[in-house]
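Have a look at the structure below, then the notes.
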Amino acid sequence: MINMTMQPSKEMPIIRKIAFYLSFIFFGLGNIAFGQIIKGLIFFALQIAIVIFFVFWGGQHLANFATIGTQNQEFIEIGGSVVTIPGDNSVQLFLLGVFTILLFPAVALLAFVSIKSGLVAKQNYLKEKCSLDFKTDCKKLIDKDLHKTLLTVPFLGLLFFTIVPLVFMILIAFTNFDRFHQHPELFDWVGFSNFRAFFNMSADGAQIGRTFVRVLGWTLIWAVLATVTCYFGGIFLAMLINQKGIRGKTFFRTVFVITIAIPAFITLSAVSGMMARNGIVNILLMRWGFISSPLPFFSDSMWARVSVIVINMWIGIPFTMLFATGVLQNIPSELHESAKIDGANAWVRFRKIVMPYVLFITAPVLITQFIGNINNFNVIFFLTGGAPAVSGAFGGAGSTDLLITWLFRLTAEHNDFSFASVIGLSVFLINILISLALFKTKSFKDDTAFRV
Amino acid sequence: MIQEKFKKNPIKVDMRFKKAAIIFACIVAVSLFVPFIASRGQVVITIAAIGRFMSEGQTAGLILIVAIIASITSCITLVAVKTQNILAFISIALGIIGTISAFVSLFTIKTASDAVGYLNSEFMVFFNLNFGWYLLFIGSFGVMFCSFRAIKVKTGYIILAVLCAIWLIPILWLFANSFRATPGLFSPTFFPRNWTIRNYMTLFTDSGEGNMFNFGRWFFNTMIVATATMFVSATIILSTSYAISRTKFRGKPFLMAGLLIVGMFPGFMAMTAVYFMLQWIGLGQTLIALIAVYSGSSALGFLIVKGFFDTLPQSIEEAAAIDGASKLRVFIQIMIPLSKPIIIFTLLTSFMGPWGDFIFASFLLRGQRDNFTVAVGLHQMLGDRWIESWYTRFAAGSILISIPIAGLFVALQKYYTQGVSGAVKG
Amino acid sequence: MKKRISIIVVAICLFFVATITVACSSSDDRYRLLVWAPAEEQEMLLSMSESFLYENPEFAELVRFEFVTMDFPNVPDEVIRDAMSAANIFKFPSGAIPAMGGNLLPMIYQPILTNAESRHVEAALDALWSDVTIGGQNRRALVALPASPNNFVLHYNSDLLTEEDVRSIESIMAADIDAEFNLAMPLANAWYNKVFFLGAGATVTVNLETDTLQTTFAGEYGMKAAEYMSGLARHPLFLNDDGGQGGQEFRSGNLGAFFGPPISRNDVINIPGNITEGSVINAANYASAPLPTIRINSEDRQLIDFSEHRVYGINALTGASRDHLEAAQITRIAQLFVDYITNDINQLRRFELTSAAPTARTLVNHNQTNIPHPAIAGNPSAGNPGRPEIVSSIIQAQINSAMPMPATRALSNFWSPQAVFGQQIVNNADSGTPPAVADFQRWLDDLYNGITINLTA
């Protein structure tokens, strides 16, 4: 902040004052006015580049963005054969429009940075009568401003591969970019009609709303059950291995860890084949006389849901066991010893010492696991593929389909991108709501992992 | 050597369990006869009937004999044992053999009795006096359990052994299938009747009609993608985590909150847009695109590494600053060597990601078969048209990629555990 | 000094490498015609392209061919999703033509149109005509050329079942044969189970106003078909074919007959050194027949399928990157190539190499004798059994030609609900009680809603 009461030790020439105030319009003049020529020229060049872009192309992109293409593909005849004149490509126009729109906050950012640096230059000028040159500024990049250097590449990566695509897909939710509007067809803005379709609960017609509610309900139930079973299972297993008197702890842990090591889709495809209607499990059970007709592991709704949760335990418990082991090993053994002396048996010790400690420490991981399970694509997709199929479902959503697998199916198999975006947005909302709700609990606030 | 150890500290045997063991052994003895009581009001117990079952039922009879003899012998040995010596462990071993045989006999009964022909056909139904078989199992399990407790060996071993077996079954199944000679999805037995190594060989030599399944090429592709992703991702994650953890700048809370919020979107949602963007600049369906996609959003996984950096003391940087080193030098020359565990953790997780990822790779690579990774390629083998002839080769391919990955993981298990629990300690 | 010299040397080397790479890569100016074809056609198309270029050397200076394997059912989706990266020429099912719409290049080159009309049977060309606006005028053009019918037939073991037995499903199921199952069919697969509905008399047509499907599948004929399917699924001698189990049982002699495309013959007949080694089926006891009849309302109704063919089409964006004159030449060459690979000689070659039934009149109706070409029909008296499954496929294509496929892009709404319906029937088959009429009605209503869905309403 500029200290207005400080007496300037040098008179500021008028021209420098004018240049400074002009820097609000022409970025970089402030820096030039106070001797930082190279830096000021950089800001100015960036501004010119953006202005040129807007003048020549930006307006066109924005206009195209509003209409998302008007020119259809055409055929003409030349020499007895047909030649195609490609029409507008809605996707490309949309992309360009998104880029242009994202330039607005970029301009604001540039303005903010350049004006602020002009102010800093002015302050330095008043204080020291000389200005920092470009070389020193660069040197600061590896010292005081190291965060700028370190964060550049990650930020750019995020920008191109996460932020721009997300903005693109969020906006797609307001268009009708579905399977009937693929290239060379053009798609258009439709406002909130996709969202309205998702709230349409009637039993006739597309049944989008009903399918959505059903899938949402199962996703939440699944997340709760999967997280809880894996969590307590992992703790139980960790305690079992951790007992005094069990030798070969590393061996046992390694056996369970092998399940994590092998890629999930391989083991899940294998299990899916094992438990199919004519899979080895049913065949063996029938041969041994335990059952007379195959068990409908994946063809009956309830069976499928239970099977999926049980098999998820098989996949998830080794992981929770690993971190529970780390936590359990940190419980000071004096607590156990003194409790034993006081006559507490294993169960009481578990309830009063181990569980509270473990819960306290691992609460954030529990939340992360919960959100991870909401988005747990692998287990459902490779195990059942969403089966068993439910009659009348939109987009083929079965009884074990989660929102995320439904999203995948709509995108990869049906090309219904607009509906997929609506689902993606709802998943995002759920994640945010749950995170906010759970993060308010006491144990999170005390936990230092999120210390800034 | 073991004898001396026991002579030095003799562990007393628990008497209560000895008595319990005797009761269970009696149950085992009784169960020998129970299944042979025919229903419909007639009670027929003949030694001859039992003898016929043993001779005609073949393996089933043998297993039955083994179970009963082992359990009873175990009990007898237990009774003779006074302290934890070799005899005690023999008794435990016999108990284990007895229980496993009793367990196996539960499964052999139907096939054996079908051959013999006069046992009750409604098997395993409880009230048909076939519960004798269950009695056998309960009895021998009881004997084993009591012998464990009597000699003060942890019974946790039993549960752990059972759990380990359950956990390894699917992997064993995959392993067995990879050696199966008859192709196709369905197999009538767990262990194949005809064994062959041909599946492994043809994975590399036969790339299928029209070059559909070029396993060697996929392996190569995935190795490239995984290695490149490992380096790029690790650099990005380390830079981001270090910047958030150790540097001060305005807007840090906003950056962290922003990263967390962006991470709340399902990753796949952005795929369509990324695909179109990459296609627009000409990188569609290439491996570079895949590497870029995996690495580009890796900054979102900064939380665990940041937690680790938080635990390093601040004094290091202050001392280095006094010595005149720039922060960058501190990062590279001091912090990184100190963070070996978390770096290995990051490299490991970044390397293993592309091997197992299916949805992103399949969506980005589409039909470009030459650029498939192992995950996409193996999944193709499960398509309707191909599964009949390629399922066993799918199993072989799965084992081939699982071995190095699992080996790597197990070797670096220490670091992985540290990283994961580090996230927890906070 | 040393450092500077080494930097200069490295720069010069890089420069040379760069120029050489650029020079080498820019030498091939020919347009690349990428062809997507199923795995079994790769070699065949490669040699066909070589003879095509040999016969027309002037084309060889303009284009070069590249062949990539692409699974036949996936092609329409791949082209629709990303036409720019898709192949220039591809093989796909004709039912997808309305969905692919503007992605297909209309063929108006007159010699090709004349060739097609005289060469192929009418049924094969029915779905391939399209009204397109070219240069502002409405013209009738072909958007694809046919290679073979896309249908399935009944394969049976002539040691177990006779020709009379396989005329109707009732007689198949009633035949007393020494096998565990009499008949197998993938009931949960929409491609297969729709024949029950269509055979019973239900229809699927296009509502031209809303461009959606309309159907009577939920009406009385649909109910009859549903009850029939359920009865069949619960029959102890019927095997619901899932994951290739039908093929395995047929090879072991445990199955009397199964439904499958003509190429299934190669999956079941004993070929030493192949995976089918050890199969009990050989050229002597393998037989094939068109789809049988079913008995509904005391009437024998023929099982009938949509009329569909495997066709080759051209990507509309072919040549779009060149100037108009060159683009016209390229598209003409592409059309001539597609015409070439579907002509009489090459259809016969395709049959010999990949066992695909032809659509050329001269092959289907050899010398107007109403008997197919000798290579297909064989000479039973001389001990040459010919290819019965191809004959059945040809006959079946004629039967199917009475039921055109609904020509609307909304056809994509048909498959998933139909598959779900089949899955309900299959799931119920394991349970103790057959479905009640209310259950059927509920499933049929869901099926109706799914098929007639109108997303744009």
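Every chain is named by a letter (A, B and C) in the order it is written, and numbering of its residues begins at 1.
Just so we're on the same page, a contact is a pair of C-beta atoms (placed from the backbone, for glycine too) under 8 Å apart; a residue touches a chain by one contact, two chains touch by 3 or more.
Fair warning: this is a prediction, and the values are worked out from it, not measured in the lab.
When chain pairs are compared by contacting C-beta pairs, A-B ranks highest.
Centroid distances from chain A, each centroid being the mean of CA atoms, peak for C. One finds 28 Å separating the Cα centroids of chain A and chain B.
Note on chain placement: the centre of chain A and the centre of chain C lie 40 Å apart, centres being C-alpha means.
Counting only residues that touch two or more partner chains, chain B has 185-186. The multi-chain contact residues of chain A, meaning those touching 2 or more other chains, are 276, 278. Contact with two or more other chains is made by residues 81-82, 243, 245 of chain C.
If you check the complex, the residues on chain A that touch chain B are 91-92, 95, 139, 142-147, 149-151, 153-155, 157-158, 160-166, 168-169, 172, 237, 240-241, 243, 245-246, 252-267, 269-271, 273-274, 276, 278-280, 283-284, 287-290, 314, 318-319, 322-323, 325-327, 330, 361-362, 364-365, 371, 375, 377-378, 381-382, 404, 407-408, 411-412, 417, 420-421, 424, 427-428, 431-432, 435, 447-449, 451-452. Contacts from chain C toward chain B in the complex involve residues 36-42, 68-71, 74, 78, 81-82, 84-85, 243-245, 247-248, 267, 275. The touching residues of chain A, when paired with chain C in their complex, are 73-84, 86, 176, 178-180, 182-185, 197, 204-207, 276-278, 293-294, 296, 299-300, 387-396, 413-415. On the side of chain B, the complex with chain C involves touching residues 183-186, 208-212, 275, 279, 284-285, 366-367, 369, 383, 385, 387-389. Those residues of chain C that touch chain A in the complex are listed here as 77, 80-83, 101-103, 105-110, 132-135, 141, 242-243, 245, 316-320, 324-325, 327-329, 331-332, 335, 409-410, 412, 416-417, 419-421, 423-424, 426-427, 430, 442-443, 445-447, 449-450, 453-457.
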